[in-house]
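Shared chain: subunit A. Partners: subunit B in the first complex, subunit C in the second.
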Partner chain A sequence: MSDVIQQDTPATTFRFNTRAALTHAVLIVGALIVLLPFYTMISLSLKAPHEIMQQTGGFMGSQQPFRDDFCVKLGNAVEDCLVNPIIYNYTTAFEKAPLLRYLLNGVIVTVSIFVIQVFVALPCAYALAKLRFWGREAVFALVLFCLLIPVHAIALPLYIMLAKLGLTNTYAALVIPWTISVFGIFLMRQFFMTVPDDLIDAARMDGMTEYGIIWRVMLPTAIPALMAFGIFSIVAHWNDYFWPRIVITGNRDLFTPPLGLREFKGDADGDNFGPMMATACIIVTPLIVCFLLAQRRFIEGITLSGMK
Partner chain B sequence: MGSQRAHLWFIGPALILMVIILLIPIVIAMGLSLTDYSLGNQGAAFVGLENYERIFTRSTYEKMFVATFRYVFVVVPLTVGLGLGAALLIHSLGRIGDLYKTIYFLPVMAALIAMAIVWEFAFHPTIGVINSTLERGCGSFLEAWHWYAKGCARTFPLWLNDREYAIWTVSFIGVWQGFGFNMVLYLAGLTSIPAQLYDAAEMDGATRGWDRFRLVTWPLLGPTTVFVVTISFIRSFQVFDMVEAFYPQGGGPSKSVYVMMFAIYEKGIQQNLMGIGAAITVVFLGFVMVLTLIQRRLVERRTHYV
Partner chain C sequence: MKRTLTAMALVLAATAATADSNGEKIVVEFGYPYSHLFDVTYEAILPKFYEAHPNIEIKMRATYESYEDGTNTILREAVAGTLPDVTMQGLNRQAILVEKGIAKSLEPFIAAEEDFAKDGYHQAMLDLGTFDDAVYGLPFSISLPVGYYNMEVMAKAGYDETNLPTTWEEVVQACVKLRDAGVDNPMFWGWNITGNWFLQALMWSQDKPTVMGNDFQLDSEEGLKALNTMQSIFSGCEMQNLEWKAALASFSAGDLGMMYWSTSAVGAVERAMGDFTLVTNEYPGITASGPMGLPAGGNSALLTSTSDDPEQLAAAWAWLKFITSGEGAADVARTTGYMPPNQAANEIILADFYADNPAKATAVRQLPLLREWQAYPGDNGLAATQVIYDGLEGIVTGEFEDMTELQEELSDEVQDLLD
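And then the complex of A and B:
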């Protein structure tokens, strides 16, 4: 009886579907596991040390002011040393290490890498896709071969080369190995192949130079592909830990965000979990926010890359 | 510049950088792997294949291969399988599935070093959320499971600091981080399958979900799968961040998490033994290149009949 009623009620808006419910159940369990460390990270960045150690206070903690022992040690009165956990964690994150400087370094390095990659890869991709010249097949074969080489794997010889040039502990060391992106060349070449020749011929008739064609005809058509590549590149280098770890030794002024966080961990005792998690939140947030804002572009980009 | 020579200006910078940054280092690595070079030393002695001999005979390097292959052969199948599974489920939901897609992709965007530190805290034996949650299940039906009862009676594993569990725990984090990437690639593959093919299959009698998957979805995802598998191999071979964050010295309990990239870093950078580091580099490159070449072969073969 109840089944009949259920089918007669607005079934179009909501119909209980066992299969969909099961699907949702599985996906929700997955989502909980995926989100667990994010939850932990945010939660710990809000709580006081004793709440972290005793696992009390739920997600937010009680937000009762607690005594900052370090402040007391400096000879201040105990009443002056009561701090709110959130404020304590986030200010310590910025005070204990030059986190702003690290973030700035991260921006400088990722942006320089991407800009140089585009200036190197785009003309090459255009030539490989649209110009006829002797040796084109050989160059393209070389690109395909270089796609096999993960740059991280050849870190040692690159490090030796940079050390011999006296470039370790410089911005240049962080940027140089990534100036050439064979993936970028490959991706843009595949994209340029789809641009009609007529468009280029028309531009040539109008008296445009080849150089002008790249930046004023090809580039605008390639914006979606370029965005996809840009997202790849920026995500990879903002999050990269291995390469900065190798070429930046000790000079804190050049630390990128991952190095800064790692240093924090190195000297974190029990009391520092809160500020450390605050640092982690700050480092992770920019990309997550960008991703949430430009999500569709990102997915579109990956579809575009012709890797299907 | 005349358009006759324009290509030189276009190809030139990329070509030069490719040679200097990608090709010459490989040659240098090959050369150094035959020596006992250290940075700062004058010259180096030629030692022939001694470094390679060491890699394939010493127990330290045996542990390196064991750790690397354990990680890779756990992470690749699981990230590919979960990526495909998640993509199929999400795809079946239509637009509502987008929320899950967003969530599953978050770990790919987050800096692994940051998340590794959080996981380390979650796996902490006394104050971590994992063991405290497990303890809460003590006394319930879960104790019927021998492993669980043992954990309740004594203690639950130390996870990252237990020789038996460390590499699997690290692998778990690797899976957690990587499957969302594969999911997105599979979703792209799924949306490119024309709906008519399913209609046609249904007319031919493929009415069950499994038949439609076997006859339409899976074959058409072939090229995606080949790409996803290869990229998962390459990514997981390069695992480093977590290992260095968890075990700055020595590669974990009894070197059970001594993966290749960490070995390269330890030998070359920490200990300045460039010869042996270069030899590991060459072996590593060998693995990666062979894998990619296999992939290309498969892609070429598949395109004939798809």
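And then the complex of A and C:
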């Protein structure tokens, strides 16, 4: 944005560059396409149902109180059921879908997954990168092979295994299938390859054990790579709709945040878009806040893992 | 590993046993679709149920996001051995659960009831959940296709409540008049409703089932008539190919004069519509005498309990019966656009309600036309649904112009899937 303004103000050192202008124009269009759904999401979360369906009221809607029909149907007086759209949308999101509970579940699940993934991936990656043993290449080939398997292909066998163990409808079912991340192993192995052997040899000469080396030497050097991996892992599992939907069929209290969206679906009988979009806003907020706080790391991470 | 598993199983069994002996309340686990629509219904029903059955507790499971999701979930839970005691399933998805032996026959419970017919369970309703002469499902919420009219738009072409179209020919005439009066988009016809519902509506209108056994019936005279009727509606009205949400939104915004849709959306439309008068009226027929039958949509309660405990089963039956009869059933109509298929609830408890809510009364007047929403048998049922859907979409977009050709093509392709 600032570049566009700059181009309007005459500066002595400034030279119009068609190429840069074109690049920015394309980027701005791209940014608009990406931002438009967010705009709609926020706008719908502020408006009353009739404004949403009739597509009136601009960004904010008129904020006139409207009648909550569900409240009337439960036998309350009409005057008691007049609600302000914003308050209605957001309170419904928190009450009807107990979002705080879902957010807590989301945190528990994503953090457990990430922590266990790190515990598994770091030693594996270290072994694959720095230790010489028989069959190392074969093991690494298997890791690469596993990268090619889409989760949807193995969802059913995984489900049946968990079911036989009686683990469906538990936190375990949400966490266990993701604890071994071949992507994590691959990413960390690639990173460890770049760590000089001298560092490890020095540590060995100082009498450190192999595990000591992993946690006290390799881990600190690997922080940027871990950040990158963490971003992928947390974003993927925070937003995952597919797997929680498969394994959580009994207890609504185990829902992760995205499953909260389904509470407002009505298909041919009309969806309740206001609270649905309010839920969506609340779900993405933690990720956006994290992104803003760790913006630089985030971009570093993407370039790092961008298969340079 | 084996030892830990055995230990875990023992612990689980032990906790289950203690729960049984301590718990005075019998817990009935219950799953249902579309929480946005039905939460309010169960919220209204539950206090009444608890009053009548203080020793039973209903545990609501995670809701299904759609009928298809509901069926998928039950099929998965059957593998995992975690089935709920009672589940709500789309009317056209009951058959598969009966075939696989997941749903339990309700006959023993019905036999034990003294006044089953008096509770308002009439034959047409029981037929919807009857397979091989045994009742498996009791319908809970029923919808039928109806016509929605925006009276202000209709008035532009000289229509009022007394002369709304009653045949599809008249609908097309109305479209022409509305267009002449400056209405761009006069009508929407819900061909895209799940399960080829509206094709089945045109077939039942001529008293013809869409499938008989494994035979797809589109290759009949009635089938061709149904396709031709659709084509004349779409082309005569120059109907736009809108998806569900867009169609409901256009009608709510007051752009459309007529919309043919399920009665279940009345509640949603009333919530979302602009400042105009909504009138619902009988679904038009192919002939002047009106439709001879219409497919029922909605969901049905099935008993899927795996328990052998007679007390547990009795509790599940008590809940199943409560929500499909009497006050429980009446709350369906009070809280949603659906109606209970229960005669007693409709005629006695809800008589005043329908007088106050004429938009919801149309479907009740059509109740005698109630017919089955047919599932396509076999493992390719969903694929067959999709093939037909694509065919119908081709009529809307104008891709298919020769209906005889389309009839032949669809019949062959679908029949292959069903054999």
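Heads up, the rule we're going with is that the second predicted complex is superposed on the first by the 253 of 308 C-alpha atoms of A that agree within 3 Å, B and C clash if a C-alpha of one lies under 4 Å from a C-alpha of the other, contacts with A are read in each partner's own complex, and residues count from 1 in each chain.
Convention: a contact is a pair of C-beta atoms (placed from the backbone, for glycine too) under 8 Å apart; a residue touches a chain by one contact, two chains touch by 3 or more.
Just so it is clear, the structure is predicted and the values come from calculations on it, not from any experiment.
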(Q) On the A-aligned overlay, A:I160 touches which partner chain: subunit B = first, subunit C = second, or both, or neither? (A) both
Q. Taking the superposition as given, does A:R262 touch the first partner, subunit B, the second, subunit C, both, or neither?
A. both
Q. Does the superposition put A:M53 against subunit B (first), subunit C (second), both, or neither?
A. both
Q.
Quick check on the superposed pair: does A:L44 touch subunit B, subunit C, both, or neither? Answer first, second, both or neither.
A. first
(Q) With both complexes superposed on chain A, which partner does A:I234 reach: first (subunit B), second (subunit C), both or neither? (A) neither
Q: With the two complexes superposed on chain A, say which partner A:I246 touches: subunit B (first), subunit C (second), both, or neither.
A: both
(Q) Under the stated touch criterion, which partner chain does A:N272 make contact with: subunit B (first), subunit C (second), both, or neither? (A) second
(Q) Just checking: does A:A129 make contact with subunit B only, subunit C only, both, or neither of them? Give me first, second, both or neither. (A) neither
Q: Of the two partners subunit B and subunit C, indicate the one touching more residues belonging to subunit A.
A: B
(Q) With the touch criterion stated at the top, can you tell me which subunit A residues are shared between the subunit B interface and the subunit C interface? (A) 52-53, 55, 159-160, 163, 245-246, 262, 265-266
**Q.** subunit B - residues contacting subunit A, complex
**A.** 1, 3, 6-7, 9-11, 13-15, 17-18, 21-26, 28-29, 32, 39, 82, 86, 89-90, 92-93, 97, 100-115, 117-119, 121-122, 127, 129, 132, 176, 180, 184-185, 187-189, 191-192, 223-224, 227, 234, 238, 240-241, 244-245, 248, 261, 264-265, 268-269, 274, 277-278, 281, 284-285, 288-289, 292-293
(Q) Can you tell me which positions in subunit A touch subunit B when the two form their complex? (A) 20, 23-24, 26-27, 30-31, 33-38, 40-41, 44, 52-53, 55, 119-121, 123-124, 126-128, 131, 133, 136, 139, 142-143, 146-161, 163, 176-177, 179-180, 182, 185, 204, 209-211, 214, 235, 238-239, 241-242, 245-246, 257-258, 261-262, 265-266, 273, 276-277, 280, 283-284, 287-288, 291-292, 295, 299, 302-303, 307-308
Q) Inside the complex, what are the residues of subunit C that reach subunit A? A) 5, 8-9, 12, 29, 31, 34-37, 39-40, 43-44, 60-63, 65-66, 69, 73, 76-77, 79-82, 84, 190, 193-194, 244-245, 248-249, 252-254, 261-262, 264-265, 267-274, 334-337
Q. What part of subunit A is in contact with subunit C in the complex they form?
A. 49-50, 52-56, 69-70, 73-75, 96, 159-160, 162-163, 165-166, 168-169, 245-246, 248-252, 255, 259, 262-272
